[in-house]
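Shared between the two complexes below is chain A, which has chain B as its partner in the first and chain C in the second.
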Partner chain A sequence: MAIYSPGLSVLSQNAALPPDWPGGYWLHWLVFVVIIMTFVLASIMGFIYFERRGIGRFQVRLGPNRTGPFGILQPVADAIKVLLKEDIVPAKGDRIVHWLAPVVAFVPVLLIFAVVPFGGGALLADLNIGILYVVAVSSVTVVGVFMAGWASNNKYSLLGAMRDVAQVVSYEIPLLLSIVGVVLLTGSLSMIKIVAAQDLPFILLQPLGFLIFFMAALAEINRTPFDLLEAESEIVAGFHTEYSGMKFAMFYLVEYAEVLAISAIITTLFLGGWRGPLLPPFVWFLIKVFGVFFFIFWIRSTIPRLRIDQVMAFAWKALLPLALLNLVVTGIEIVALPAISPWVIILINLGVLAVLVVVWSRFFKLGGGRVAV
Partner chain B sequence: MLANYGYIGLFLLVAIFFAVSTLLLPPTLRRLGIVPRKPNPVKTSTFECGMQTIGKTWVQFNFRYYFYALLFIALDVLAIFLYPWAVELRELGASALIMVVILIFIILVGYIYAWRKKVLEWK
Partner chain C sequence: MAVKTELKLKTEPFVLNIGPVHPSTHGVFRMRATLDGEVLIDLEPVFGYLHRGIEKLAEGRTYTQVIPLTDRLDYLASMSNNLAYVMAVEKLAGITVPERAEYLRVIMAELQRIASHLIAVGAFLNDCGAFMTPILYMIREREKILDLLEMVSGQRLTYNYMRVGGVSQDIPGEFLPALRKFVQRMPSYIDEYDQLLAENEILLARSKGVGILPKDMAINASASGPVLRASGVKWDIRKADPYSVYDRFQFDIPTGSVGDCYDRYRVRVQEMRQSVRIIKQVMEGLPEGEVKAEVAHFLRLPVGETYAHIESPRGELGFYLVSDNSIAPYRLHIRAPSLINLTALRDMTLGWKVADVIIIFGSIDINMGEVDR
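After this line comes the complex of A and B, so read on.
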């Protein structure tokens, strides 16, 4: 504590705190921890309800509609149910690792929200390496998933966990490289500065980068079409086959918290974060996060699951070269055309996107359900 | 700056506390007799669609990671080098861009070699 205190006293006086935020270090911390926890838990509840109703509509059925008006209390009912369920641990499993796995999976996801800006300067910690921190912390979750698969002592669980590790390792690289495009345009890794640099949302300036980031992020958080680790049609429920009760609920929470985190990161990196006309900043932030989430579960209800060899081939043979090309193109634009109007860059990048996607889809055929790469 | 990491460290403690206390809720309720606990050999056996599990699960497992892992390390190091470069590119100018293109080219040679050797196939 003594080591930290000089830094703290300096901080509470000068500009390291957001300028519009009154109060000292501890007040700031307390308020934002409360905001983050409320935001995460409330949004997850909302997302679960919204997704179940929405998927119901997509599949031409009603979805949950019995608990409360329009089934709006369904997440609450689910929470009470999992709380009262018996906790079953497989007899041959590793009890301690089995217990620890949900914690290891959940904590990093929650930590991502520490650097997500909800409004101008409204965030827990404005790290100058913000986006690098997000990438580093978010990849710890896979350790929890692998612990779950290993400790269950179930072959399906282990297969699911193995697939997850392979997938996360493969998609990590396109993800990292597509973020570099944004960093090139911004010249900073801080989340606040990335948003501040977006007079035009980076989805226009980096269309290919956005596409790569979006697909790689879907694979990182194991959403359809990349949800091979819990492919019901092949390996029961994947890594959480042997989980029940609160521990299962924790993994469910992890899944939705990851979607929320990725929606928030996409909003921050590519959609202009909290910025927008008329409405207050946090309302814009929520609208954009919810829009991205809607898009993600729309994809879930539209695209079927891929096979593991297709998933791996897609990462290594399609996304990785595209990400490298995008990086080089962006670098050349920044060095060669530093003072040109952004609209010219947008046109060039959209052209590059169109050409590359067409060329790659010719070159990378997955026809007839067989991999022909 | 250090104070910002202090925020994150404190938040980490809150996150761990939240996760652990949520997981400790059912055992507490079990003490009160609300959550049932009636294990039996069938219930705690390994789930395999009704079949008996044959053999052990914790065995050596031939998975096709090895070359992916090697490639991953090379490319991950490349990506980490790119981040500081990307932050400073506007100041560094064309020479830095050319150097990084050369670096990417060197990595690409290895990548294309791996592709030609069919390392990227998931067999």
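After this line comes the complex of A and C, so read on.
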């Protein structure tokens, strides 16, 4: 079924639970839950520091440099500040939903990490529907965001939340379709098997799929240029305008946890996961995650934002047809050329990518914008 | 149409107060926007939050004491305000200004134009969602201009530099070398901004064809400055009614063709290049001599009225002065270009989406200090 998966059997043995694991099944869960929580929170803090310093450099300024050496304690200072802030609920807001929203938004993002392999076999649960689980769970976050927008009883919040729902629901489709290309190559939905199949990183075998996934993912996690739901210059802070204190911090965590999760998924699906020469697996994993993250905030500090109708048009008129084409091309390759060298397929795919992107960008028009009133 | 009656889906417009405290209203401006979803169907500008009664205050001060008040009008272009006011007084009193003072005035006014346009363009790009990066690059260059203006006046924002009959003091020795260095470097900085954003696909999609102000409507609204020139009207007071020594220098008037946000942005960038060109010529021809004519301390102007106007960074800035031969103006009226350019806002924004309204508003480049006075 899968064409590029030698060595699969060796690794999938690693993926199973080690028989000599002390304490057995439940201890494994406990240990990994602790590891994931620590990893996520620690990486988010690291990312926040790194992003603030990095963006400072991009913007010809220094960035935070007062707290600790090189400002390394800045995330700690931020966290303390945010904890001490007063928690304000709008007078006519829905108190319960307002309280629940950050939790509903945050938990699904944490759940994603349950199936992310940090190393060969180092993961909480090797679900055989791993990537499907990721897509399913991650789309719950939007419910939390919409709850926040609704409960705040604020028009800016509501506008932001409506934008988010429209955007995330639309981009789910190209996102899924680009994942299907990877799944076709692997023949499995399991994250471990997807990594194991990547003797060549799938970014080479699925360049178009990678591009589509990356752009759709940027829209899913609301990063520039699709950061419409918290578009500062338009709707103040979007859905979290009315949030303060720890509840705001939860949304802040969601934002970064989503970036971390999407970096981890891109790493797993397209960049060969933990695999790499010389260095230990988790180091490779971290390096790749970090690289993707760097790329995301590089984009953030460089380009302007799209408008809501342009964002929607881009999803339905550009990404969706491209994703379908990518699927067809991948399918044909797998059925018709099963024995051919992967390098030939890489050349074909890069050619397809170049042609499609050039042609599509010629024909794709973002359409008007003005409505007669 | 049976479907429509079955659905019973009813939407109604809602009113959103954009401002007076909002990140993108450039001060305390309020737009009472009626929205149908994202689309703007009605807009009512509300201002007056920054009214300080400057025109009335001027009636109780001597002619020299009014100069600091004019600093507080358009605080991003204090030099231009100074210049327009002292020109009005000189015109009514019949004072001739020494050559060197005229040349210095032109240098300061053009430096001020660059500084003001840097903020205008940066803020416009910020409104487009280019997360702070362009504006911080532009603030870097604006700092250099502020340093130069600080050298001559001792102030960084409210210069109070021009005097009736000349300027308050001659330039210090280190000014000209510093200015020469700045003038040499500025064009390459402008190239840098253009490289980053001028042909950026997203910026084009956001600003091309958005917020078109047709030629006839621009003239009817009595718009001036870059807003008018972007609509294709070649009207610049420096050429149309030359004041000071502008008739001695070579420069072009950049105009747009369509009158959309992109044209307004481009016109400003081109004007910065032209200002650099003017400053170069002024430096070459800078004569020696007095910088201030002998003017009585308590100046009494002859009974009468006058109107003096200049091309400020935002358009035609005019001072209408009535004198009753006392030591203070009988009446001082200011034709603020920001306020008058703002009158076209409703026609430009109707039917566009919230995100467009923000950038259309940003592209007019108003300054609330001048609108409210």
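The definition used in the following text is that the second predicted complex is superposed on the first by the 342 of 373 C-alpha atoms of A that agree within 3 Å, B and C clash if a C-alpha of one lies under 4 Å from a C-alpha of the other, contacts with A are read in each partner's own complex, and residues count from 1 in each chain.
Please note the rule applied: contacts are C-beta pairs under 8 Å (C-beta built on N, C-alpha and C of every residue); 3 or more make two chains touch, one makes a residue touch a chain.
Bear in mind that the values here come from a model prediction, so they are computed numbers and not experimental data.
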Applying the touch criterion given at the start, work out whether A:D309 contacts chain B, chain C, both or neither, answering first, second, both or neither. both
Chain B versus chain C, judged by how many residues of chain A each one touches: B
Touch test for A:D126: chain B only (first), chain C only (second), both, or neither? first
Does chain B (first) or chain C (second) touch A:P225, or do both, or does neither? second
Is A:V140 contacted by the first partner chain B, the second partner chain C, both or neither? neither
Quick one: classify A:I72 as touching chain B (first), chain C (second), both or neither. neither
Check whether A:V60 is in contact with chain B, with chain C, with both or with neither, and answer first, second, both or neither. second
Touching A:L356, do we find chain B (first), chain C (second), both, or neither? neither
First (chain B), second (chain C), both or neither touched by A:I287: neither
Tell me the contact category for A:K155 with respect to chain B and chain C: first, second, both or neither. both
Could you list which residues of chain A make contact with chain B in one structure and with chain C in the other? 155-156, 162, 236, 308-309
For the complex, which residues does chain A have touching chain B? 4, 7-8, 11, 16, 25, 28-29, 32-33, 36-37, 83-92, 99, 102-103, 106-107, 110-111, 114-115, 124-128, 132-133, 150, 152-156, 158, 162, 165-166, 169-170, 172-173, 176-177, 180, 183-184, 187-189, 236, 241-242, 245-247, 250, 308-309, 312-313, 316-317, 320, 324, 327-328, 331-332, 334-336, 338
Okay, in this complex, where on chain B does chain A touch? 1-8, 10-12, 14-16, 18-20, 22-23, 25-27, 29-30, 34-39, 41, 43-49, 53, 57-58, 61, 63-65, 68-69, 71-72, 75-76, 79, 82-83, 86-90, 93-94, 97, 100-101, 104, 108, 111, 115, 120-123
Which residues of chain A touch chain C once you look at their complex with the stated criterion? 55, 58-61, 155-156, 159, 162-163, 224-225, 227-228, 231-236, 300-310, 366, 369-373
Please name which positions on chain C make contact with chain A in the complex. 14, 16, 22-24, 36-42, 125-133, 136-137, 140, 196-197, 200, 202-203, 205-206, 209-210, 350-356, 358, 362
